[in-house]
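Please see the structure below; I have some questions.
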Amino acid sequence: MKMIRNSVLRVEGMTKRYGQKEVLKNASLTVNEGELKILIGPSGGGKSTLLQCINFLVTPDAGRVWLKGEEIIRTHKRALYAYRQKVGMIFQDFNLFDHLTALNNVTIGLVRVRGMHKQEALDKAVYELERVGLKDHIYKYPAQLSGGQKQRVSIARALAMDPEVMLIDEPTSALDPELISEVLAVIENLRANGMTMVMSTHHMGFAREVADEIVFLEDGCILETGTPDKIFLRAECERTRAFCSKILELYGNA
Amino acid sequence: MEELFFIQHDVIPALWRGLLVSIRLIVPSAICGLIIGVFIGVSRVFGGTVIKTCANIYVALFRGFPLVVQLFIWYFGLPHIGIYMSPFLASVFGFSLCSGAYHSEYVRGALLSIKQGQLLAARSLGFSKMKMIISVVLPQAFRRALPGCGNEIIYLIKYSSLAYMITCIELTGEGKIIASETFKYTEIFFIVGIVYLLLTSVASWLLHRIENNLRLPGFDHYAL
Amino acid sequence: MPVTGKHVVDMMESVAAIKEALPYLLHGSVVTMGLVCGAMILGLTLGIFLAVGQVYGGAVLRSVIGVYVWFFRGVPLLVLLFLFYFGLFSLLNINLSAFTVAAIVLGLISSAYQSQIFRGAIVSLPEGQFKAARALGMSDRKSIFYIILPQALRLSIPAWSNEYSIVLKDSAVAYALGVMEIMARAHFVASRTYEHFPLYFTAGGIFLVLTYLGTKGLGILEKKVSIPGYTR
């Protein structure tokens, strides 16, 4: 009962084909309020595709999405744009707007999409950038920032839109090891503040420590879902066990 | 009916005549232009200081002056120093010199893109400078210069219409004459335009075919 | 050739002829620049629409634009000038001056070339830029206007500067319609004073200067709007 009451995002039967190849097969998941759901699985398993299908950046061949109980009809442009505002997205390779300063990367959505006044947007953007620890870098352009700083700007950009749920796609995989922790710290902080998130990552230590639930995705299929302990220690599925033991072997018992 | 008769008996023969003149303008100009372009391009890369400077000045002038100005210089200017050319000859002369300057840019770029290591290798095999240019550098440079030079020839097809401005009556000129006689400007110039369109399209189709046939395995990775 | 008294006199006459004609020719450069600016602005506006349509439009729109570009890149300027000035516009009972027609035709041709410049720049942008814009809830139109074009136009400046020098030189063909630009004036004076060489060279020299000034100006613009730290 509790689960249904608190569900923020519900995805059902997500399917995506590229030509003959089915890269996402009938994937379904429900994300509850304040929950951090982590997608794991081998490279090419379909994590990015699933996340981008959720806010229709990639057009799925089949599948339905509900946000707070309301179904999103992809062909209703207005509703789609409104929905995307409420779903923050963090990309693997940041995708900051190269021609705008960190500050304007954050304000552009507020001004051009939400129609906020310039000054109000600036104040909010400065606040969000401070929150991710970039107070001193607000006037820099993306090309002048480090990878970790860029990813934090992109988090601030998404947060500024006051999203109800965040989709985070391997936020650290394009970063040097020493920059990873600064981004993960921001995400942990978000979770502590009750943000609802779906995140894909190869960072198993982090997944195990902070995830509420882990989803194992391979070849476009959700093979298993469960708490970190269940997935890492008592996985039911053979493939999950194999993947986890390989990872543990590689990175130790982090 | 009368219309059809008119088209068959006046328009088509006149435009056909013009087309032949245009082709007679384009073909020699293209060939001479290419030769000049290769010559100038090679001088700009491998020449001594004096030759290089002269070639650079040539290119700057001929690329900087509008083609109309150049044609006027050859046709209206030269007689003042006792050199007389027919409109046709002046056009071919003007087109060749101008397109040679443009070709040389592509030739130069292609030559410069060839890796220094290959030249060292050729020298170490005992090639003379001339032999090296002919058997190592040019065959490679040719492939790299081809798209640019081919484009230049397509431009030449279009710019050949400017011969009309120094009274060489080619396709555009013939079109202008019948159009003024019949006042059917729109129809006639539309047909003339289509003929040029066909010429340029055929030329660019040929160019693509040649490019594809000459493609070396893995060579496009180094494309300019 | 030994320098004789006659040569010196000739030379002085030439210099005098240039000096006398220069203000008249320079006035022509105002006309030329009017043609070029009109054409470049028309070409820019149309070219942006064509490029966006060609990249993001549906199959029908894309092929219509393809035919437009093919036509205006494949037909000579002179033929188009005649077609529009003597033909189309008078057929449609539109009375336009030779200057206006020349600017329009130069602009239409330039729009075809410019569209290819912008198209190249747009497709060279990483796909993530568009995705990120849409992820914020921007409509396609807003994404193109606020995210794609500001970047694509910056990247296009060097090619645009080259296009400027081509349009500038092509504008001399407007002489065929009797537009009193630099070339027309040079020829007009030359056929009265018989100083062909000096006058044509002066005209060519003015074109060289205009090319230089224009590309220099655009180079400054490129630096001014360049994104700090951004390289490709």
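The first chain written gets the first letter, and so on, giving A, B and C; residue counts start at 1 in each chain.
The criterion applied here is as follows: a residue touches a chain if its C-beta (ideal position, glycine included) is under 8 Å from a C-beta of that chain, and two chains touch if they have at least 3 such contacts.
Since the model is a prediction, treat every value here as computed from it, not as a measurement.
With centres computed from Cα atoms alone, the innermost chain of the structure is C.
Greatest Cα centroid separation from chain C: this falls to A. Chain B and chain C have Cα centroids separated by 21 Å. Here the CA centre of chain A is 57 Å from the CA centre of chain B. If each chain is reduced to the centroid of its CA atoms, chain A and chain C end up 47 Å from each other. Shared interface positions of chain A, defined as residues touching 2 or more other chains, are absent.
Within the complex formed with chain B, the chain C residues making contact are 70-71, 73-80, 82-83, 86-88, 90-91, 168-173, 175-176, 183, 186-187, 190-191, 194, 196-197, 200-201, 203-204, 207-208, 211.
Only residues 126, 128-129, 131-139, 142, 146-147, 150-151, 154, 227-231 of chain C touch chain A when the two sit together in their complex.
Those residues of chain B that touch chain C in the complex are listed here as 60-61, 64-70, 72-73, 76-77, 80-81, 158-162, 164-165, 172, 175-176, 179, 185-190, 192-193, 196-197, 200-201. Against chain C, in their complex, chain A makes its touches with residues 52, 55, 57, 77, 81-85, 87-89, 91, 93-99, 108-109, 112-113, 140-144, 154, 157-158, 161.
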